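The two complexes that follow have chain A in common; it is paired with chain B in the first and with chain C in the second.
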Partner chain A sequence: MKGTLGPVLTVILAILAIWYVACVPMNVREVLSAAERDGAVVTPTDPVERRDAGAVGLVLNNTAHLGASWSLDRAKLPAPHQIAVELWNTTVVEEMTGRRGIVNSGSLSNRGLVYHAGITLWATVLGFVIGTGLGILLAVGIVHSRTMEMSVMPWAIVSQTIPIVALAPMIIVVLYSVGLQGMLPKAVISAYLSFFPVVVGMVKGLRSPDQSQLDLMHTYNASKSAVLVKLRLPASVPYLFASLKIGIAASLVGAIVGELPVQQGGLGARMLAGSYYGQTSQIWAALIAAAALAALLVWSIGALERRTLRRMGVV
Partner chain B sequence: MSLVVIALIVWALGWSLNRWLANGPYAANRWTGLCVAAVFGATVLIMWELIVRGLGVPAVILPPPSAIAAAFASSTSILWADFVQTILKGGLSGYVIGCGAGFAVAILVDRYDFLRRGLLPVGNFMSALPIVGTAPILVMWYGFGWQSKAAVVVLMVFFPMLVNTVAGLRDTSAMQRDLMRTYGAGYWPTLIKLRLPAAMPFIFNGLKISTTLALIGAIVAEFFGSPTVGLGFRISTSVGQLALDMVWAAIVVSALAGSAFYGAVAAIERGVTFWHPSQRGQ
Partner chain C sequence: MTDAVISAQHLDLTFQTGDGPVHALRDVNLTIDKGDFVSFIGPSGCGKTTFLRCIAGLETPTGGDLTVNGMTPDEARKARAYGYVFQAAGLYPWRTIGGNIRLPLEIMGFSKADQAERVKRVLELVDLAGFEKKYPWQLSGGMQQRASIARALAFDADILLMDEPFGALDEIVRDHLNEELLKLWARTEKTIGFVTHSIPEAVYLSTKIVVMSPRPGRITDVIDSPLPRERPLDIRDTPEFIAIAHRVREGLRAGHQED
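Let's turn to the complex of A and B:
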């Protein structure tokens, strides 16, 4: 797209500006309490009265004491630069100088974000590979068996309308009780979430060759497996990639939600721990790490798609 | 063991019945399709029941469907309260606000080219992010009640709705817009009489994607803190008590709610976009 850079930058700057402004009313109560402890006179002096007052009113009455809005330790809404500092501290600083960092101990620090992002990433990728593989297999079965199609396909479509992620805590606990723990239960959830988009997309893709192409294969006396390998699978590749992009995003959500019940590392565990202990900047940092991970995964699928389609001569 | 053998026999019977139906003379009939799917679902349920009983799988790992049905039937009032809390209060209000906001911003974005070029890439990027991760932050801001769940849902449905509506509003041909110009129609008549109706298939696509997202947001947000009612709360606490029949009952409720919600939006879509090729001949 031509000329998007300027507008996109403007929008991002506007979002950041709104964020900084929003920090003031969001954090005003904590800021005023801190200012009062330091001896300043804030205008409803009574803390109870202050609790019931509106945030905007408090801001307007105490414009002199708002300097700390962007530097609170456990701000309700941390300012963007505080989150950037937290990100920097939990990645580069922690690994370089921390006692458990990679420089001093030889392995990634379990207090650093890189370690947790890695846990989530591997669970996501493992689950995604399993889910995609099974999804492709089922789609091939559906295309070849009318019975299977009519039996399974309606359920595959219905299952996309239900919040499957609700199953996550149960899958974790049940697999834990039969002795499976660590990465695999999370991967099962990820696989489950990426499975159905792939089935639905692949069935569409395997069906995409039109009758004349199928007839041509027929005149060659091609077997069913030859039609599958030489016509149906290549034709389904664009559809496959479209579903893979949906599937990988769903897998990541599955892995994060799967980390909530069992606190054994990962970005989901970081978020929950942050919300227990009121460490807002830790939640935000984990959120940004998750966003970066999602962007990275979707981008790699997109890059793979472009390369594959170019080599196949589709685009 | 005999129950497992019976399960395998049931499977064989159900499968051959389906094979007969699917390859028989009435296979193209819509009711046959429903029948086949129903037979398959019933076969799976019966096999589940028989195998769980036959192998003596403990109820803390996988309860049989009959136990789930019993738990469902004996706690309908609890589940109804959960449904109202999560789906109606958290999910639906967030859905309405989020989709409404997405739609309104889309109209604005469509009007100003600068906004479209700036906001659309950001919106596309945001649609791919795990927005459900904002749940702990929003729960912290808006408390444990349904308001925080609605806020998560608003964030989750906003961007898909925005992107779809903007794409839909651009889905008119130059010929159609020229025709409106020859009628002397300005921006608003063109918007209301041509572009919004033309955008409806895209808008409903956004609305349908959002139904599932809304339920996911409302349920997952409850994992981060909730009052002692709600489907997400029921699932996470019942898992903690190893009352898996109750967990499954809550999952059944959310599945039914999800399908009904989606079905309702799809039914409205059929009424509104009856002219679209994808809706013809159904």
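Let's turn to the complex of A and C:
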């Protein structure tokens, strides 16, 4: 652990440094407009000329007036500490002191990130469970039936080539027309993204026993279901977990994409609302919450994997 | 003839490959009696493993007759007439030694109590008592192979088919396991078919040695061993042993010269 801390910190510091530097040219136009309003003389003075000038040139010509680059209210690129403040305000402060916070109302505030992260989490988990179940079933079918492999696999591959942002609104509209709304449409999109890695991994895993292991089962005159339960499924467990880690991250993406057009809460809704109102730090805060959620989910799968493999005796 | 457990007449097996037909077995005639210990020896490609797999119903001959316990090999397989030991122990890493031995018993539907009793008995038979709860990776290669033999013995088939079971082990372990296998054979009175490419191993273990040669795979000599059933390891230094080994070597060489 001690040996890895240095490199990890170095990478984080490098990212933060690049970020802070990038804030200057990204926000230079707004910074200069604000400085001009406060009476400073910026070059060029003409706003139209400024609009057409390059960002780097503006920075170099106005080095004296860049102090506000990291404190703009609606920055194009908010500085990391601004996002940190936004995160703090929309989680701890909102819940502790807000009128709708958990302290004053007894339930999570719908203006806080925790509430929205929770919505996304449940849609993700539900979609992941559906996707994983479907993926395992498809893989079992594909391994046992050549016809199924020929007929299903191409569609599974095609399904993953369609951009999900294009498909998500259609899924939502279709499901709405048959009376399904709320969490389920999001879960369906999330299942749509997560079943594929599970299918691919499980097909490989179910086929991982070598010929002599299958021959051994044959000498016992074992039925196909016995071979599946006693050999193929246990042998596929390590492959399954590798797929689940990809699948759960894909599920999260699916849930967020599913929240974009609906605007009924969730991190996706939060991101879109932020972009409507120019609240970039709200978008970034939601992005970071999503990343944290993804890390937590993948880590949980990893922990489950370690426990399962240890219990199976294969470490 | 009444004692014949395995009987092959004019057995042929031809594989169709991209390079044309491969004659894995041609005109194989052999009778194995109850309680025999039969070794199949020959260079790779001579069909010794293929013949064993035919007996097990894992390959289907393209001509001739083959009966196991008076049935076709496939019927015998379904009647669970034999236990098969592969070259690799092939224990499931996610099952304990006991769990691995229980595998065929679970598939064949033995009762829980019966399973436990059988696991205990065969573990003692292969000298692995006390290892029931260990995982395969905790055992040496020789112990793993003994566990796989126990697995093949657990459901009390009369025939034990072994495909180079000790091929991957070093000579010292191999000697020890050969001795153990003879004791086990004497105690259980099983009929054993044993594939090997070691002349001393074949001569030491067998009551009948089948010498085979490749292209096409066929039997070149069948030697009925005059050695007594009781065989200490140092029997390998006796003139009788050396004479049989010599005859096996001659048979192998003759097979090669016909190429």
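Miscellaneous remarks
Operating definition for what follows: the second predicted complex is superposed on the first by the 302 of 315 C-alpha atoms of A that agree within 3 Å, B and C clash if a C-alpha of one lies under 4 Å from a C-alpha of the other, contacts with A are read in each partner's own complex, and residues count from 1 in each chain.
By definition in this document, a residue touches a chain if its C-beta (ideal position, glycine included) is under 8 Å from a C-beta of that chain, and two chains touch if they have at least 3 such contacts.
Just so we're clear, the structure is a prediction, and the values are computed from it rather than from any experiment.
After superposition onto chain A, the modelled positions of chain B and chain C are compatible, with room for both. Applying the stated contact rule after C-alpha superposition, one finds that A:Q264 touches neither chain B nor chain C. In the superposed pair of complexes, A:A226 makes contact with chain C only, with no contact to chain B.
By the touch criterion defined above, A:W284 lies against chain B but remains apart from chain C after alignment on the C-alpha atoms of chain A.
Touch criterion met: A:S177 reaches chain B, while chain C stays clear of it.
In the superposition on chain A, A:Q213 makes contact with chain C only, not with chain B. Of all C-alpha pairs linking chain B and chain C after the chain A fit, the shortest spans 12 Å. Within chain A, not a single residue is touched by chain B in the first complex and by chain C in the second.
Across the interface of their complex, chain C is touched by residues 212-213, 215-222, 226, 230-231, 234-235, 237, 312-314 of chain A. Those residues of chain C that touch chain A in the complex are listed here as 56-58, 77-78, 80, 82-84, 86-88, 90, 92-96, 103-104, 106-108, 135, 137. Chain B makes touch with chain A in their complex at residues 15, 18-19, 21-23, 27, 32-34, 36-37, 39-41, 60-62, 114-115, 117-119, 121-122, 125, 128-130, 132-134, 136-137, 139-141, 211-212, 215-216, 219-220, 223-225, 231-232, 235-236, 239, 242, 244, 247-248, 250-251, 254-255, 258-259, 261-263. Those residues of chain A whose C-beta lies close enough to touch chain B in the complex are 1, 3-4, 6-12, 15, 26, 76-77, 146-147, 149-152, 154-155, 158, 160-163, 165-167, 169-170, 173-174, 177-178, 245, 249, 252-253, 256-257, 260-261, 267-268, 271-272, 274-275, 278, 280, 283-284, 286-287, 290-291, 294-295, 298.
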